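Several structures are given next for inspection.
One chain, chain A, links the two complexes that follow: it is found with chain B in the first and with chain C in the second.
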Partner chain A sequence: MDRARTLPVYISSYVFSCLVFLLLATIPLYVNPYLVILLTSVFMYIVLTLSWAIFSGPTRYISLASSAFFGVGVYSSAVLGEVLPIPAVIFLGGIVGSLLAFCIGILTLRLRGMYFIIFTFGVSELMRHFLLWWETNMKGTVGRFVVSMEPETVYYFMLVIFAVCLIVAHLLKESRFGLSLRSIGEHEEAALHIGINVTLLKTLTFALSAFFMSAAGAIMATRWTYIDPSIAFNPLFSFMPVLMAIFGGIGRLSGPIVGAAIFAMLEEILITRFPYYYMLIFGVILILVILFLPSGLVGLIKRKSRRSS
Partner chain B sequence: MQLLEGRKVTKTFGGLAAVFGVNFHIDQGEIVGLIGPNGAGKTTLFNLISGAYPMTSGGAFFKGEEITGLKPNQICRCGIARTFQLIKLFSEMTVFENVLLACLSGRLRGIKRSDAERRTEELLQFVGLSVEPTTPAGELTLANQKRLEVARGLATGPELILLDELMAGLNSSEVTQSMELVKRIRERGITVFMIEHVMKAIMSVCDRIMVLDHGVKIAEGVPKAISTDKKVIEVYLGDQHHAEG
Partner chain C sequence: MFATILDVVIGGLIMGGIYALIAVGLSLQYGVGRILNISHGEFIMLGAFATWSLYTFLGISPLLSLVICGPVLFFIGFLIHGTLFRYLRKKSKSAGAFADSSLLASFGLLFIIQNLALITWKADIRGYSYLDHSVSIFGALFAANRIVALIFAVGISIAFYLFLTRARLGKAIRAAAEDPVTAQIMGVNIHRVLAVCFGLGALMAGFAGPLISMIYEIQPSMGLEYTIIAIVVVVLGGLGSITGSLIGGFILGLIGNIVTYFDAGLSLIAYYVIFILLILVKPTGILGK
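So, the complex of A and B:
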């Protein structure tokens, strides 16, 4: 009965999403190349933030391992790019990231709160330093070249990854697994006692979210042409998704998307206009958001509309 | 028929034995009470049965099969549900979602969504929760939160439910309703094992009572025998008379 009432809303939001994607798909036809490149990096951040929110949103396990998965995707692309077609490279990169997340999940998802956060950050750093050590001592050269791609191609692949990520996130949220994940975030012990296999669910979802991060890394690498461990495993890729998700609001899917989009644009504007003060301004904006908008931008819109209705 | 059996159940925390060598059994269709002073190990015993803690030694058997060492989710799926002394609801989820999720995750997992929704509505009615199903669980009154915990436990499809201080903090008319609820749970064919401090309730509802003190079972029997047992009066009931006086 509830569903029947919200059905028109569902359909109209589906139609709206399709229209937006159609618009985004045709964008390279009528804008300048700079904007295409900018939008690619905006979508990269959206994919990172949205996939981060798939796991960390409902379960409230704050993961700082995003850069580990992103970097694994980047390196997969560097290693496999010369021998495989790019869609296969992206897919395999995603799989490698998922496997890594699965292993990390089994090891660490028993940890809670601060311990989990620090461990996941440690994993990212470990990956970076290990690769650096490996390349320095075993290979003799640091960094690799990646087969490069046209900016439009990279844009389209990133858009497809975003679309798939959004669909998966939406289906997951609406399913009983989405509800189970939320119950873990609210009261893990109670979730366990009503029969939910908490460890398995967390590990699989963690792996699923890592798939998209690695896939994004795999395609992004083709735009950079040269990569090394500090580029691929840049800790910023761990922190940005968290900040962007908080900025946009974590409760619903639009939050991370809006947050990442605005944040990424803001970063670009500040970095070009105020190269010396951009981090400072960035920090102030972030503090203000956390102080005054605890449920993010989307939370603000929701509050406004509730007040006016 | 014996539904649940515990053999020499023991749990030590460091050097302290919270539960020590407790033998017990619950028959099918019974309402069994578990009483004892604070710190006697009652909730620890529930935690051992439901798998929240591993036992230090001893074993538990459900319908003749060993459940010692199983995880809480596995024990739930065997058919043992529980409620918590300190309420552990999913407080930002709605009343309906709390119960629905338990329907979809417990022993009956795999049932159709529409069946689960119908079952949820039935259970909310059964426990007497007459609030709007879309209310966030955290906004309920204490009595209603306790009802919701029972509904969520029942939703997993148990044969045995462990109720941990269902009536603590309730006023006398709510206690009466809870006593009715416990009886109606049994009428559904579900066996009840309950920890309770409200003597009026435990004496009138239970078929049999076990008394724990310092982790050891010191008495067991029908309510009448327990209420006149010297040892029980000394360690537990007597204390209460004293406090009331």
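So, the complex of A and C:
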């Protein structure tokens, strides 16, 4: 489908993206502080979902380890935040997350389908419980304080991470690398037989996607100022990206972005308006999406527009 | 020394009996229906809270609740499969796609059930005392309710095993697990069998819930921990193997109780470590094919 697109359309979509990012960059100048904070969480979910889709989209391996990488970033920020400048903290947090993902990747090479899903879930839950045990028994206190930052600063860092993540995801998708990844998703054995280094490719992509999740965690921690293992490694950070990506549609990059943006707004509205029924409504939406929107919102819009034209 | 060992071993068997019960239910739902039911623990929680309410407000014995909760939850499970999962199965292009989407749908069920329980029973930790006088076994002291729970857990597990291996419906279920297409040709109504399997999983949760509420404190968010334990046991015993789940339950209960004896905070961590090592070293489990 992408190949059929003509050059002018291609350039105009680049121009459009640049304009949107320019607009987003000027937003803190003229909107109220609440909106800046809200947009920061929206970008956080977009980064998590987009980076989840970098790996799980083409390979079709459903990973529930997002909260592990996010939490690692949060704790990097808590540990390094006082001794290093924030850009270095974000970068190092990302590297630590990537290393963790690389190790998980190497360990899970033989796992497929259900085993991979529950393994990644198990790893993130193990980290949460171990850290909880460690902090209570070895440190005596459960939580930690993080050096806090201005909401605008957090906003700009998150926006930059979002932009870099989008560029990387786009370049990856268009490259030979991305094509090989998709062939793993289509038929892993066939991919192996035509000479693709499946193992290396999967592990590297997994590490790459973890980098952005950890980076997002590292900057998000400075907004929360107080963190504990249950906040940092909240299992919802693993489920939300999957749900948001499926809701938006996994096939193209706009899917995860649209899905995450809509869902993050929806979450905000539900939590403030219906705090007692938030999970209930969330669960119902989740089931409805799986039942009636298997190809996602973007897939639905595309189908509709094709039919009308 | 002997009393301590006996204490840990029998304590482990009691925990193991309940773990086995929970895991058998999950194992059946996954082994036959291909649904990794993350909301399994929520059914346990429903059973536990129903028992607590019946005992606290109406004075109905937890052992009687066992007979009420089981069938009610069976019916709920049967209905959920007959509508939600049946539709998902029809729409899914492949078995793998169904496994993924049913897993996500069960997360949705988890959120819904847990939220409903929070609204109904509030977030407080609940408990009641029933049969809590102590019984001496070879010098080690146990609360009577634990011994009763163990006896019931073992009894129900054996009855369930006999049902699957001897009864006509049980044979149909195992046939559907082996080869759904051939089973259908042989006259097995596959949709009904799958719904019954999901219901039976909920039934096991409905039996486990009341037993758990007799021994431990309960709260609406307790479900996920039991689901995770059930998944660990099912992987330990071998995915889809009922006998494996029964044995795995007792093994994990014993290990858990030994770890708890040294440091109670480490038992859940131990389960995860066992789980991760197991998947890496022997993903087929002790009795898997």
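Methods note: the second predicted complex is superposed on the first by the 304 of 309 C-alpha atoms of A that agree within 3 Å, B and C clash if a C-alpha of one lies under 4 Å from a C-alpha of the other, contacts with A are read in each partner's own complex, and residues count from 1 in each chain.
In the analysis below, contacts are C-beta pairs under 8 Å (C-beta built on N, C-alpha and C of every residue); 3 or more make two chains touch, one makes a residue touch a chain.
A quick note: this is a predicted structure, and the numbers were derived from the prediction, not measured.
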Chain B versus chain C as contact partner of A:Leu171, first or second or both or neither: neither
One more residue to check, A:Leu22. First (chain B), second (chain C), both or neither? neither
With the two structures laid over each other on chain A, which partner does A:Ile271 touch: chain B (first), chain C (second), both, or neither? neither
Looking at the overlay, does A:Leu280 come into contact with chain B only (first), chain C only (second), both, or neither? second
I'd like to know which partner A:Arg182 touches here: chain B for first, chain C for second, both or neither. first
A:Leu192 contacts which: chain B (first), chain C (second), both, neither? first
So in the superposed three-chain picture, is A:Leu291 touching just chain B, just chain C, both, or none of them (first/second/both/neither)? second
Chain C versus chain B, contacts on chain A by residue: C
Once the complexes are superposed, what residues of chain A are shared between the chain B interface and the chain C interface? none
Quick check: in the complex, which residue numbers of chain A touch chain C? 62, 107, 110-111, 113-115, 117-119, 122-123, 125-126, 129-130, 132-133, 136-137, 235, 239, 242-243, 246, 276-280, 282-284, 286-287, 290-291, 294
In the complex formed with chain A, which residues of chain B make contact? 50, 52, 71-73, 76-77, 81-82, 84, 88-93, 97, 100-102, 104-107, 109, 113, 152-153, 155-156
Listed in rising order, the residues of chain C that touch chain A in the complex are 36, 84, 87-88, 91, 96, 99-101, 103-105, 107-112, 114-116, 118-119, 224, 228, 231, 235, 239, 265-266, 268-269, 272-273, 275-276, 279-280, 283
Applying the document's contact rule, which stretches of chain A touch chain B when the two form their complex? 176, 179-180, 182-183, 186-187, 189-198
